[in-house]
Amino acid sequence: MTPAPHEIDPRHLLEQMLLIRAYEEAIVAGSAAGKVPGTCTSVGQEAAAVGVVNALSGDDLILTNHRSAGHLLARGANPGRLLAEVMGRRDGYCGGRSGSLHISVKELGVVLTSTIVGAELSLAPGVALSQTMLGKPGIVVCFLGDGAACEGSFHESLNLAALWNLPILYVCENNHWQAFVHRREAMSREHVATWAQSYGIPASTVDGNDVSAVLTAATAAAAQVRASRRPYLLETWTYRTRGHFEPDDQGYVDPAERDAWLARDPIALCRDRLVAAGSLDAAGATALAARAADHIAGALAFAEASPYPAPDALTDNVYA
Amino acid sequence: MPAMTLYDAIGAALVEEMRHDPRVLVFGEGVATKRHDLVQEFGALRVRNTPLAEGIIAGTAVGAAGTGLRPVIDLLFAPFLCYAMDELVNSAGKLRFMSGGQFSFPLVTLAMTGAGWGVGAQHNHNVEAWFVHSPGLKVVMPSNPADAKGLLKAAIRDDNPVLFFLDIGLLYQPGEVPAGEHIVPLGQAAVLREGNDVTLVSYGKTVHGCLAAAETLAAQGIAAEVIDLRSLKPLDEAAILASVTRTGRLVVVHEANRLCGIGAEIAALVAEKAFARLKAPIVRLGGPDAPVAASYPLEQAFVPQAAAIATAAATLCQRQAT
Amino acid sequence: MPAMTLYDAIGAALVEEMRHDPRVLVFGEGVATKRHDLVQEFGALRVRNTPLAEGIIAGTAVGAAGTGLRPVIDLLFAPFLCYAMDELVNSAGKLRFMSGGQFSFPLVTLAMTGAGWGVGAQHNHNVEAWFVHSPGLKVVMPSNPADAKGLLKAAIRDDNPVLFFLDIGLLYQPGEVPAGEHIVPLGQAAVLREGNDVTLVSYGKTVHGCLAAAETLAAQGIAAEVIDLRSLKPLDEAAILASVTRTGRLVVVHEANRLCGIGAEIAALVAEKAFARLKAPIVRLGGPDAPVAASYPLEQAFVPQAAAIATAAATLCQRQAT
Amino acid sequence: MTPAPHEIDPRHLLEQMLLIRAYEEAIVAGSAAGKVPGTCTSVGQEAAAVGVVNALSGDDLILTNHRSAGHLLARGANPGRLLAEVMGRRDGYCGGRSGSLHISVKELGVVLTSTIVGAELSLAPGVALSQTMLGKPGIVVCFLGDGAACEGSFHESLNLAALWNLPILYVCENNHWQAFVHRREAMSREHVATWAQSYGIPASTVDGNDVSAVLTAATAAAAQVRASRRPYLLETWTYRTRGHFEPDDQGYVDPAERDAWLARDPIALCRDRLVAAGSLDAAGATALAARAADHIAGALAFAEASPYPAPDALTDNVYA
């Protein structure tokens, strides 16, 4: 069911990345203006999200985390409803109860989002168990950061997934930062993939800023999980080019490291490659970016027009 | 009615509910070893041993419950819940609300608690109040095998996460248990003895202390009403208030630390909603603000006993008389 | 007196105590990044960033405290304490007792909590009552920068594990803070306003709601006494009882879930020990049994506000009049 | 300071193992008779305990767990005070507050024992940090079971110890059982050492039933920790030949596996080797065993004579 990587029009991937970037930039601007709450943006990590999500089939279930805009938009979430959620409005996917940090969209198979770093790892095996025991075809994709990989739940989750043959594709977005701590200050090894292998789980690292490379690696990894019904860990090696949470002056960031990654911006990389290959010209690229900006402007207007939930709905949906 | 222990009543409820609903499954550290009959009837996929890792046991249960299964997990002793707090409190208790109602979490967590085996404070620590304080969770703690069976069946059928505490001291005490479809709805207290002079409210093993105290009190001409809460959340406020409205006197008894315990909640409830009917101060008898010692006599001394309950209740009744 | 925010008052206490005692060290996720001035003065060994792993941060602190250091750890937001419950409750709170007094655990755990930033239920959840209910732990929660500094200095010098909660809504509000050796002993409440008609007891941000309510009440001719608990364990029972004995009326206010919260404890305490002096039912104003929404108006509606406090207190006073 | 392995008289190791066995057998008999509470015995694992503890210096600190008798006795704990503790008596090392499951003996450097499986892993880095920051020479030895290695605290502890250069010798007693669950049902890999290596921590596995092999391996490992001030994980491959907790009918145990290990009993192995080498004759061996039994009989009498703590001491030592 999943199209092979070469069947996906790379311009589609570029469009998705542009949409994500425009979305995040709207939030950054809105939060600077005091109109939108701050969020954890995925700027710089668009390729890692888009490459993976495009490797999935509609049956697959996704667990994401606090830095989820890329995953959600690549999966087809409506940016208006996302922004409404970020702004705590009634039309948000979670009725404004989540805000930006824990957005789930069940109808898109994005389930059980928790902002407790590491919780995605603890929830994923159960979701995979349901898929397996209820005879559903989809695999489970669990996005996690390099920080989440430092929580004990990483160990418990990978051990159980290996032991119980659970069809989980763990995708570790190693963006070099765990909030205000560099991964070097937090991890005894460079790569999360190294840890994964010690459970007998196949694991690999891919350039997370190259959307085609991510798509190819994720397609292969997902196919392996689908066929083996066993876990796999794909590490996307990327960088968080904005701060942890808007606003963030990034005073603690080594500018040389950041600059090197900014020079490898995933969107520029993809666009330049398409232009070089002749699949896109400069005007076309500009048009795509403009379309994304328009789309987000409309979404923002939708979100701003959405009312806040009524205060007497304070205790809705606590108990089933 | 067959007599069985509370442990076996739990087993009976599991068997019946696993027959009743194929989505029910059971897992935990050693549960497939200890309840091997379940493995034989339902197979190794629905009854599983797990690694020694409470966090992932609970997390897996939450993930499974949120996507279509109805897991029952055995986390052994209540203090081990400390390793599963994120999964139980932040995930099971909150993800329904935070997702705007997209998911529900039909999930039962079993844990043993309380004095009886001299195993010390890291196996014996009554933490049920933590979960009453945490939103989105239900909490039950039966005092006898029949309720254990009936409450567990209700808990498994409930669409919310339920913390199910088993009192160690009661685990192997036999009691009569109705066969078949015996369900005790969550949120209903049981009035085990009626009386008009003083209300004794309790749950778990101290219910038996209250019943014994009521006997003693009866001999002194004091009619004590004994209420077994059974569910700690939802709490049967109506049953408590109805009784205290009649008796005007309240003694709340439990083994857990009195500070911010269930007894505090009930005392506060009554002081808010039945104040005008109160004839005497409320009395709480609870564990001290201390871990429980392994040493047997200290472990026993930790638990409010019938004599102390009777004395407290009698004192309340005299106070009014004078 | 210099004015500073609660956040800076915490920083000032840390600097002073690290100068005062070389065994004091600070670690947590990003603490060395965010409090870089401490790294500059005390070096990278005493001020450390850690991996993102609350369990080992707390466990390391407990291990270090038990063997001669005096760690302060920053676990960021209160719901993240769920990942450190074993270390805090089963180790820090119990190992002194269980070892027969061989060890002590001078250790402070910082955590932010409460409404203010619209960050939702996994960042905003008031769980201080859990730790009051758990033996061997002390719990504090200041309502202003001066107390934050004085209580943190006392907590660092205390030989017991202290949970130190910072109210998010107060974090960047400035206040006057005495320079130098300003210590607020644990276990002493502050009477912020005197009055003889009704006692308002609170802690954290709702103290300010109580003060505002007291103003409103004063305009209605009702003299409210406002007590800021500051320490939740040890609790200043004497201050509460003295006040209620005088006023005969009690409203307890906090943001945390009312079920088994601090308000329940205080209500129970008063219903036990000052019953004869009570002129009206006790009133608790607390958060509902629900997670907190991220949506700003819902987040604000979750917290008891001054108007509701004033209304509750006024109603109590009228009730006696009629 | 620590004697080299060849300087330790192997008869001393045999004696210690005999003492531990006699101690455990006294508890088994006492608990069958209802006079002593049940415990987690270390029968079958004596070599793993004795070999490691004899590799340590007096400055080193030990963290142990619920199955601690071997560690404590090898470290020189008084069996009378241990039995008094097991029986909840006033003369127990913890005044009867611990019982068998969490015995600490500060004066012997056995600190902060927790029976929460995995807690030893969470506490060890802090103990090592104290040693380091307070300038103490000793290393920290953290005993853990294969079950403890499945808890998330394993991951968090090893990552931190590697990252912060903490002098911890982790000793994993892989006894094939995690209460009523076989390690195969709980671990994705055979060896805990495999997991440890993924943190860049040197690790090895030794025959845990051969006391000389354990002593040699532990001496080398401790020396490496002492010199490098970095962690090491030594896995002692052994078997729990009695049940998890007395009494336990072991109905769930594969008799063939157990029999194979019983045939490699660590005490018999050591004794036979000494006899074969001519360092011990049969009469000498019998005398050693008899002496151990006598020692324990005296200890039991001491413990039984010790009074229970007074019930009004319920809240002693809660707060400092």
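Chains here go by letter, A, B, C and D, matching the order in which they are written, and residues are numbered from 1 within each.
Here is the rule we go by: a contact is a pair of C-beta atoms (placed from the backbone, for glycine too) under 8 Å apart; a residue touches a chain by one contact, two chains touch by 3 or more.
Fair warning: this is a prediction, and the values are worked out from it, not measured in the lab.
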(message) When contacts are scored as defined above, which chain pair ends up with more C-beta pairs, A-B or A-C?
(response) A-B
(request) List the centre-to-centre spacing of subunit A and subunit B in whole Å, with centres computed as mean CA coordinates. (result) 41
(request) Let me have the rounded angstrom distance from the C-alpha centre of subunit B over to the C-alpha centre of subunit C, please. (result) 29
(message) Can you compute the centre-to-centre distance for subunit A and subunit D, using the mean CA position of each chain? Integer Å is fine.
(response) 46
(request) For subunit A and subunit C, let me know how many angstrom lie between their CA-based centres, rounded off. (result) 36
(request) Indicate the residues of subunit A shared as contacts by at least two other chains. (result) 96-98, 102, 114, 116, 118, 150-153, 156, 159, 163, 185-187, 318
(request) Spell out, as numbers or ranges, the residues of subunit C touching 2 or more other chains. (result) 50-51, 53, 55-56, 79, 82-83, 86, 90, 97-98, 120, 122, 135-136, 288-291, 293-294
(request) Once you've mapped the touching chain pairs, tell me: line, ring, star, complete or other? (result) complete
(request) Note which residues of subunit A are touching subunit C in the complex, please. (result) 37, 88-89, 96-102, 114-118, 147-148, 150-152, 178-181, 185-187, 252, 308-309, 311, 313-315, 318
(message) Under the stated contact criterion, what part of subunit C meets subunit B in this complex?
(response) 79, 81-83, 85-86, 89-90, 93-94, 97-98, 120-122, 125, 127, 129-130, 132-136, 233, 235, 256-265, 267-268, 270-273, 275-276, 278, 280-284, 288-291, 293-294
(message) Going by the contact rule set out above, which residues of subunit D touch subunit A in the complex?
(response) 150-156, 158-159, 162-163, 185-189, 194-195, 197-201
(request) Can you check the complex and tell me which residues of subunit B touch subunit A? (result) 23, 25, 45, 48, 50-51, 53, 55-56, 58-69, 71, 86-87, 90-91, 95-106, 135-136, 138, 159-160
(request) Would you tell me which residues of subunit A are touching subunit B in their complex? (result) 61, 92-98, 102, 104-106, 111-114, 116, 118-119, 121-131, 133-134, 152-153, 156-157, 159-160, 163-164, 316-320
